[in-house]
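Per-chain residue numbering starts at 1, and chain names A, B, C, D and E are given in the order in which the chains are listed.
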Amino acid sequence: MYISVIEYDARGYQERECGTIQECLSLPRTRAVTWLNIDDATRAEVLEEVAKYFPLPAYVLEEVSTATTERPQIITLDDHLFIIVNMLSLNPQTYEIEAEQLNLIVGRGVVLSFGEKAGDVFDPVRDRIRNSQSRIRKLKADYLLYSLLDAILDNYFAILERVGEIADNLEDEITENPSTDKLSVLHDLRSQMLLLRKAVWPLREILNSLERRESPLITRETQPYFRNLYDHAIQVIETIETLRDTLGQAFDLYLTSVSNRTNDIIKVLTVISTIFIPLTFITGVYGMNFENMPELEARWGYAAVWGVMLLIVVIMLLYFRRRRWF
Amino acid sequence: MYISVIEYDARGYQERECGTIQECLSLPRTRAVTWLNIDDATRAEVLEEVAKYFPLPAYVLEEVSTATTERPQIITLDDHLFIIVNMLSLNPQTYEIEAEQLNLIVGRGVVLSFGEKAGDVFDPVRDRIRNSQSRIRKLKADYLLYSLLDAILDNYFAILERVGEIADNLEDEITENPSTDKLSVLHDLRSQMLLLRKAVWPLREILNSLERRESPLITRETQPYFRNLYDHAIQVIETIETLRDTLGQAFDLYLTSVSNRTNDIIKVLTVISTIFIPLTFITGVYGMNFENMPELEARWGYAAVWGVMLLIVVIMLLYFRRRRWF
Amino acid sequence: MYISVIEYDARGYQERECGTIQECLSLPRTRAVTWLNIDDATRAEVLEEVAKYFPLPAYVLEEVSTATTERPQIITLDDHLFIIVNMLSLNPQTYEIEAEQLNLIVGRGVVLSFGEKAGDVFDPVRDRIRNSQSRIRKLKADYLLYSLLDAILDNYFAILERVGEIADNLEDEITENPSTDKLSVLHDLRSQMLLLRKAVWPLREILNSLERRESPLITRETQPYFRNLYDHAIQVIETIETLRDTLGQAFDLYLTSVSNRTNDIIKVLTVISTIFIPLTFITGVYGMNFENMPELEARWGYAAVWGVMLLIVVIMLLYFRRRRWF
Amino acid sequence: MYISVIEYDARGYQERECGTIQECLSLPRTRAVTWLNIDDATRAEVLEEVAKYFPLPAYVLEEVSTATTERPQIITLDDHLFIIVNMLSLNPQTYEIEAEQLNLIVGRGVVLSFGEKAGDVFDPVRDRIRNSQSRIRKLKADYLLYSLLDAILDNYFAILERVGEIADNLEDEITENPSTDKLSVLHDLRSQMLLLRKAVWPLREILNSLERRESPLITRETQPYFRNLYDHAIQVIETIETLRDTLGQAFDLYLTSVSNRTNDIIKVLTVISTIFIPLTFITGVYGMNFENMPELEARWGYAAVWGVMLLIVVIMLLYFRRRRWF
Amino acid sequence: MYISVIEYDARGYQERECGTIQECLSLPRTRAVTWLNIDDATRAEVLEEVAKYFPLPAYVLEEVSTATTERPQIITLDDHLFIIVNMLSLNPQTYEIEAEQLNLIVGRGVVLSFGEKAGDVFDPVRDRIRNSQSRIRKLKADYLLYSLLDAILDNYFAILERVGEIADNLEDEITENPSTDKLSVLHDLRSQMLLLRKAVWPLREILNSLERRESPLITRETQPYFRNLYDHAIQVIETIETLRDTLGQAFDLYLTSVSNRTNDIIKVLTVISTIFIPLTFITGVYGMNFENMPELEARWGYAAVWGVMLLIVVIMLLYFRRRRWF
């Protein structure tokens, strides 16, 4: 478990690390906004500790402690918010999208974010806090919540853009050479999109709930920011749908390219076979050992056979040309 | 028919078995909640017996006694609830999902559950009742209803997860070797998903009705639990849709893999044929028995033919290489 | 035209046949409910006759007398109802679903049903009327309407179940041997489902209108029965959609099975060709008539050629085995 | 430009032709309803002339005079209606559906219809006006509007029925012999359906607007007729969707039939090749010119080779039979 | 950066160019409407300059200055509007649709339009302003906004029409000769449509917002124009969907055409092989060197073999004819 605290307001900010959650939460708060970020901790562990400060109702605790994977959701309580979202990362080797659940608890003047893995996408937010001129320093905890969700959505866009690029490259490669490994990558990307859609879809409702200011923690001042964020979520969903359609079309393209290549290969086979099989038959005829074969003794016999064979080749080639086979 | 009764409240609990339904229902109830579970009994049998205790209106009795398979539904009466849901199990050999209808009648302080087959998914609920510290012991019959429905939904998740794993394995195997038996399994899974969707879809309405507390039997205290359950049902439906898309994509993958293999096989055929058919023609030419074939007598004739044939092979191989056929 | 009348109430019932509609309608009604059923009559004929007893507005008469096929619909008038539905039957040979339009006119204490063909699906209703203990004898004309519509819907279920069985059998046969006649049956079933969907869809609105008691002819007592019927119509529509998806998947299966078989056949061709074409080339080489071919005179020549050829066969077989072609 | 006028009421009717629109419009109106029909005139021309009698607002004039093709729409003004719909015709040779825009202006007691081409689908309406007993003679201009729109929709049904027949025939022919020209027809029909859908869809809104009597020109008396017409439009749209699905399925059928035929052809090739290639190899072996080939001198050699070859043929045939290849 | 200003009202108009935005904005406005058009400038640059005249709230500035590509959107402020739309152009060589973001700021009597590239689609608007008789000269800034958006939508239609033509040509070419480069074009067009849909979809909401007059800048007089524009946007979206379906069908056609051609090619191969392989076998038989082959010495031997071979050819041809292979 790794716990960091950032306290800030318009006048200044402090960053600190704590050994335990208790220690962090019991410190006197001197700034307007306190942001606790806990990495590398299971949700059960954290919730147990923070239960005194952010009392979640029994059914929520039961729910979140038993379920292994959680649908993103928002639980709006009287004086705080509990939000579960997915933080995504794209494994550059396997093209696999990995999801980490991020839990956010927002109270008056305090935001608590915690996830199971180390590393997050919040560095731009930290940079902005450190900059005394930035808007975040002048606003409240709800703007910090907005900033964190915005960083997560920005990361979604980055991943989708990367997937879009991979898909574009794949398409170009497929038309040139539809090999099996490309099929595999294509199929994996399609499966990823299905999972992604499932992961992102509930976000819409979460942001819609925030925009409608169902919790008193969201001030009228930050409302347009959340409306903006909601628009972004819609855009993410549309982009996923467009990518799914794109990948589906790439699959069609793959199948059609394979058909095309099979067609080409069979064409080669047919041209060669159709030309040489009759010729071979002719040579077979004059390779027979009948005693009474007048052509064999004729002086022009051999030359004539070559003539006939050349004629057949020419006719065949003309036929293939007319059928536009090459 | 096998009948078990569990009575419980915060102070204690009793488990008992009864010979007949009558016997069970006529016992004095000493605890806050009584749960009757009847296995291995047809619905008609049970309803006949319980009709005096839970008077269902005529049209309900008519409906449930004539229909063989029933759509999940909820019938909200003045002082009790009649709920029909599907309990699913996945046959590990055939990958077939088998449905058993589970009927629930809920009255004040009493829940009656009955199904036609032996065995159910309620052991976790029983364990929680036996534990004197668990929430279920402190709450009413509506929480028991929630717990039973929750156990059924948890079982759905388990089955879908298993199907997801099977589908993932299938996909890997398909890319390697698209054999006919895998096609069969894939097709069966797809058909299963169609049936599952039909079975689960009405659950949404049932849970929505419970969440909206259309029956006075649902207390305000348990309402968030049912809301939660409704979210789970949505999640089950989304998971089924995602699995359907996944299996549809696996089908695409199968078809494309077969095309790919056909392509590979034809490539081998074409390479071999295209190389040897012209060579065989050449040997045919010099196997002819014409008297006047100057090449045959030439000292370098045989060697020259070998030379020409090798040249053809080299040209062909270069051609195939350029076309990236191997 | 064949006209039968059944009059009944809780105390008794009479069945009768009439020569003309006039005759039937002018009889004194002694029982609470009168059911006239007319077979084998065109709608125009019947409407002309009944116009005095059930005055339909001009636009309705115009509509129904000009149109040849009619979308199921309900026309709610002040004191009677005019309902058009489809009665279906599955031709067991051609697997074709045949529709017959059934017209229902409901007034106070009287139900008039008429269709163009002989035969209907109402025998269960007749049996229940004859049974003095059945609910139908105690209730009004609206319950008779419910019973007739219920019989029609039950018939839909029976047909869909039969189609489901045919589809299941087809799927099994397709994986074994995808022959052309199965393709034909499959395609016909799919087309049937499209027509069926079109025929059943408007039923939903009709039953919804009845359930909402838009006509005063529907009593509060029968309302739950119509709600039930509405649920059944939904179930019919869902079953049709599921069957459509099932048949679509069977089509996919067919196409994939054909691809699989083509693959198998080409594999055989390729194995045989790839083994024998090089061998035949070798025999061709030593069948050439060059004077100067040292191998031919060598003592071990013939044996050596056999050795080489066997070696080639073995190598080829190993290659095919490694590629898992057999 | 060809202008005809029909004036009628319950007492009588007059038909007339005019040289110019001005002439027509300035005639004294002696009957309750006046119907001006203008063929073979561009919209711009007509609108310019009628602008004084039916003042359309500036944005409407601008819109309709600049756009070349127009989406069907209704413009409801204070005292008249401007309706644009498509009149369709099916070219019997090319199976192409051709659309002609029909413009309708409805005022008190007057209907003005005009289109660019000669010929329309309104002859049944004219016949009804000429018949003194028909309902149209007793009703107002709004009923004439209904009759015209009804004639257009009837024409849609006729075209869709014709397309349905063509599709049915195509399907039968495809299963027998999937030739390229049938593919072409099938594809054209599919494209037509897409265009048709686009052309018909807005009609729904137009008829809905009329049914809701958004214009005072529609009397309560004609309202049920427009409701009826709206139902017809829905039916047209459903029929188009069903036809689209039918044609999509016919396409599937085509693709599958081609696969089936390819399979059959390859089967023939494989059977012939697999039988004769090994035999030809054997003849090749004994056609070699090695000096030391003991079999050649054996008395039973030739007969034995024939025996072996017959054996191979029999084995092959049994193998193919077992695999059910013929 | 290239800045042009057009000022106009019913009495006259001036066109001017400015060096800087400042210069433009600080000029005294003498006419009712001022239109500033800035080409070849990044949004950040422009917004910085105009911030004093059109104060955009902080979150808008933040949003637009960080995002690289923007979803079309409308931001309705108290006294001005900020609109982002896409201006499209179709690259005639690559068939690629290129999007340029166009930003519109509308205030009382002033419209500011700016985009990053040189060139726009507003020449028809400029022509109309120059014409003293045109409606635009008599109306306000909101009508100018309408005219600009209308010009952009008109351009969409032009592009879609062009894509439709390309698609039609492609379809004809595909049936004749399904080559790989056509597949590529087809696939690119499909991808373009996906992007286009994503680009155009939000336009609907923008125009809907304008039509509902959510901003006081839109007068009641121009409202019907915006309603009209909204209808056009719907039409654009429908056209895109229809084109997508058309291109999807063209893809089906391509795949089927390739299958057809493969079928044809295999037919040729099979006919040639099936005729000549048995013949070659026969010649092989009589090419064997057995000593004891009575046929070889028979006088009629050679002629008889030719007879048998001709017979085989005739039988084969009859067989192929019966199977309708040519």
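One rule holds in what follows: a residue touches a chain if its C-beta (ideal position, glycine included) is under 8 Å from a C-beta of that chain, and two chains touch if they have at least 3 such contacts.
This is a predicted model, so every value here is computed, not measured.
Listed by label, the chains that touch chain A and also chain E number zero.
Where the sister copies chain D and chain E meet, the same residue numbers recur on both sides for under half of the interface positions. If you average the Cα atoms of chain B and of chain D, the two centres end up 42 Å apart. Centres computed as Cα averages put chain B at a distance of 26 Å from chain C. In chain B, the positions touching at least two other chains are 255, 259, 262, 266, 269, 273, 277, 280, 284, 287-289, 293.
The touch graph of these protein chains is a ring, one cycle where each chain has exactly two neighbours. Residues of chain A touching chain E in their complex: 135, 171, 175, 224-225, 228, 231, 235, 238-239, 242, 245-246, 249, 252-253, 255-257, 259-260, 262-263, 266-267, 269-270, 273-274, 277-278, 280-281, 284-285, 287-293, 324-325. Contact residues on chain B toward chain C in their complex (touch as defined above): 57-59, 62-63, 71, 73, 177-178, 180, 183-184, 187, 190-191, 194-195, 197-198, 201, 251, 254-255, 258-259, 261-262, 265-266, 268-269, 272-273, 276-277, 279-280, 283-284, 286-289, 293, 295-297, 299, 301-302, 305.
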